[in-house]
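Both complexes below contain subunit A, partnered by subunit B and then by subunit C.
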Partner chain A sequence: MLEYFNFRVIYEYLPLFLTGLKYTFIISLVSLGLALIVGIIASACRISGLKLLAYPVIAYIEVIRSTPLLVQIYFLYFGLPTLGIMVPEIQTGIIALMLNSGAYIAEIIRAGINSVDQGQIEAGLSSGLNYIQRMRFIILPQALGVTVPPLLGQAIVLVKDTALLSLISVMDLTRSGQTMTSERFMPAEAFLTVTFFYMCIYFCLKALADWSQRKLIFREVY
Partner chain B sequence: MISFYFGRLVEIFPFFLQGLWMTTKIAFISLAVCTLIGFVLGMIRSSNNIWLKRLIGVYISFARGTPFVVQIFIVFFIFPEWGIQLEPFSAALLAMAIMGSAFICEIVASGIDSIPKGQHEAATSSGLTKFQQLRLVIIPQAMKVIVPPLVGQYVLLIKDTSVVSVIGVMDLTRVGWVTVMRIPEGLMVFALVGVLYFSISYPLILLSNYLEKKMAV
Partner chain C sequence: MKQRKLVSIVLALVLTVLFSGVSFASTLEKIVERGELRVAVQSGAPPYAFIDKQGNPAGSMVDFTQGMADAMGVKLKILSYDWDGLIPALLSGKADILAADMTPTLKRALKVTFTDPWIYVQPCIFTTTNASFQTLEDVNKPSVTVGVLLGSTGESIAKKYLPNAKIKSYKGGGRMIVQALEAGHVDAGVNDDLAVLTVLPDYPPNSIRLLEKRLGPSKDPLAFAVQPESVNLWQWVNLYFKTIRANGTYDKNISYWMEGIEWKKDH
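Now for the complex of A and B:
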């Protein structure tokens, strides 16, 4: 299977793969950061108890969760120009990933906050803490611990999702594989190299997620 | 202008329904195949055979660690180099089966592992064979843990079928993509595509929420 594997071509195309890897990294980091902000705001609106804030957020989350990311990307990519908004592909992609991941992160954060025992909040109330103080000293420290492992899981999903941006011609890791395939017609070399890079990212994030999970269990025991 | 495009969109609506039918077909066939393979692999993964477990572990890492687009490209472009010719439709099904069964395998394995050891021991001491133990004692109990995340996974897999449009399968996403080339109204076209996807996934999301609540009680 691998006897015809052409390592020289891979070496020749290594700069291209590294450029792709760089873009995958940057897009992942930027959209993860933005998605966190969107997720925190959305979950805050949703648990605020104000219907005016909560209902639009619920609609947003449900729409995002029941349509494919690729359709959301195309919606922005083909839709924004018809509104007269011209944004480069890479920004369009980041906005799509931010909105998509933001909805999932909002759900993760909400689940984390809901997991804090009601008795803890009542104890805070009876100690005379106000809303902000209760959030800061009682709810958030406990909720964050529960939230970290699924957030890292979402980060893994996000890195894989950046691959879809290659379809709107963002020069990411997947796109570098496609480019090499079309220039040299060596799909095996191209996509197995791409797979190798994705696996490296995956194992790093997976190790981090497992470690945070173990640490969490450890803290609960003691 | 907008109403003109809207009229044309109504005109070609049957085309969208064809795409919806293709998406449903791919989703239905691949979900059935994924569930079948996923259950078999999940049972093996929760067994005691270390080498088989590790082999399945490698396969799961590949399926979970790489983007689905890359997996589709591997199936569609590399398999022919190794002498396996595939047309887009079967390549799509194969890629879906490879990816989906890995995720379902994980769900099934963790469901089986959640059953207390005592149940296994009781089944062994009743003289049941390994397969009978799983079929009669373990799986029926594990189903309660397996079904809610399984339905959630079905929603994700149905959404992932949109990616098969990249190898030219005429599914809902591809229909939207082709349409937008002729009718330059991206917002309208993909809103319509989104609504059609919503009509399949949302009932399943509600079902999964319901099952999760029912399980928690």
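Now for the complex of A and C:
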């Protein structure tokens, strides 16, 4: 099958693919970092028990989880400027991915914390530990073990979601494939290369996941 | 054992005959046999092809290809793609005819076979009314962003005549450029004049103006395209256009879709 592929064209367009890879990588990294911050803050608000903090966060999470990411991107890109807020496309993309992933991450962290057995918290209480100490020594170490695998799953989803940004003219990996297709009409070659690069990112993340799971979880919990 | 061998040989022979038979049938024969003419159009590109208020495909292309399907005695199936997906859709055999507002450039013609041009249009450059641009030179600056459709003639024209400006390419039909212009993501847009003039009435009056009606010296032909091996279909489409030009159907289509926006009432 491979003899039908025109590898010369892939080589010719390599700089374009590398530009795409660079943008996909940077956008993923930045929005993942911000999404983690948003997620941690949102979950902290939600489990704090203060209605004033919890209700807006619940509303935010439900809005995000009930709408497609593409709609959120289009709303931010085309909708906000008519309301007078002007953000360029890469920043729009980062904000959209941050808000979207942040909601899911908040739920993952909340689920992790809730999974810690009530008896352990009571044991901490009876030992005279305060809220911070209970969190630091009992709840968080155990929650982390439950949280890290789905968090990395969410990170991988976020990387793949960056492909949607090609629709608002961000020069990401997917857009580099689309550009080559539109210029040379070779979708097989273009998207094979794009697939290859996405898999590279995926396996990097997976290696990171395995490493962090060994380092973080087993030392803290066991 | 011997019987099984015999059966497999017979089966292989039958399959060979079947498949070779299929590959020898012409595209036109295949369409008639299938009972369906599959046409790739650009989604969201009025007046050429778009989804109307009732949710049905409509536009000049849809009417032309409906006429073709009627003449063939088959059903019409409209497949709508973004601009950059059109040629791949045709080449991969998902569609029999590519009926978009496509210019038969020599580069594209390396991949697909174009029919004779059926209309001529011209790329134009447009901007918002309150923008300060007066001439093409005002736009041709590094600080200016120009919106085009990914893979369109407008894109190559913009790169050629506005080499200093920043080009942003969008997917999803000409309306996306106007939308990006309205939202302020681009300062000007380049697309063919018919596509621009058709969407203007949907926006507040006097919010968008044409900066230069004719970008580039030559008129752009638009043509349908077929797969390179579909020689008979290619000739059939050419003959179809000659026929409808003679009997007035062509003029009716053009004056309804291209020479006014009266059709907006019905669609």
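Note that the second predicted complex is superposed on the first by the 200 of 222 C-alpha atoms of A that agree within 3 Å, B and C clash if a C-alpha of one lies under 4 Å from a C-alpha of the other, contacts with A are read in each partner's own complex, and residues count from 1 in each chain.
Note that in this section a residue touches a chain if its C-beta (ideal position, glycine included) is under 8 Å from a C-beta of that chain, and two chains touch if they have at least 3 such contacts.
Only a predicted model underlies this, so the values are computations on that prediction, with no experimental measurement involved.
Asker: Of the partners subunit B and subunit C, which touch A:78 in the superposed model: first, second, both, neither?
Answerer: So A:78 meets both subunit B and subunit C here.
Asker: Have a look at where A:70 lands relative to subunit B and subunit C in the superposition and call it first, second, both or neither.
Answerer: First partner only, subunit B.
Asker: With the two complexes superposed on chain A, say which partner A:182 touches: subunit B (first), subunit C (second), both, or neither.
Answerer: second
Asker: For A:86, decide between first (touching subunit B), second (touching subunit C), both and neither.
Answerer: A:86 sits against subunit C, while subunit B stays out of touch.
Asker: So, A:98: does it touch subunit B (first), subunit C (second), both, or neither?
Answerer: Once the two structures are laid over each other on A, A:98 reaches no partner at all.
Asker: Looking at the overlay, does A:139 come into contact with subunit B only (first), subunit C only (second), both, or neither?
Answerer: In the superposition, A:139 touches no partner, neither subunit B nor subunit C.
Asker: Looking at A:169, would you say it contacts subunit B, subunit C, both, or neither? Reply first, second, both or neither.
Answerer: second
Asker: Could you figure out whether subunit B or subunit C reaches more residues of subunit A?
Answerer: When the residues of subunit A touched by each partner are counted, B comes out ahead.
Asker: Identify the residues of subunit A that lie in both the subunit B contact region and the subunit C contact region.
Answerer: Shared contact residues on subunit A (touching subunit B in one complex, subunit C in the other): 77-78, 81-82, 166-167, 178, 181, 187.
Asker: Which of the residues in subunit A end up touching subunit B in this complex?
Answerer: Residues in contact with subunit B: 1, 62-63, 65-72, 74-75, 77-83, 156, 160-164, 166-167, 174, 177-178, 181, 187-188, 191-192, 194-195, 198-199, 201-203, 206.
Asker: With touch defined as at the start, can you tell me which subunit A residues reach subunit C in the complex?
Answerer: 77-78, 81-82, 86, 88-89, 166-169, 178-179, 181-183, 185, 187
Asker: Report the residues of subunit B in contact with subunit A in the complex, numbered from low to high.
Answerer: Counting only subunit B, the residues touching subunit A are 61-62, 64-70, 73-74, 77-78, 81-82, 155, 159-163, 165-166, 173, 176-177, 180, 184-187, 189-191, 193-194, 197-198, 201-202, 205.
Asker: What does subunit C use to touch subunit A in their complex?
Answerer: 83-85, 87-88, 91-92, 108, 111, 150-151, 168-172, 179-180, 182-185
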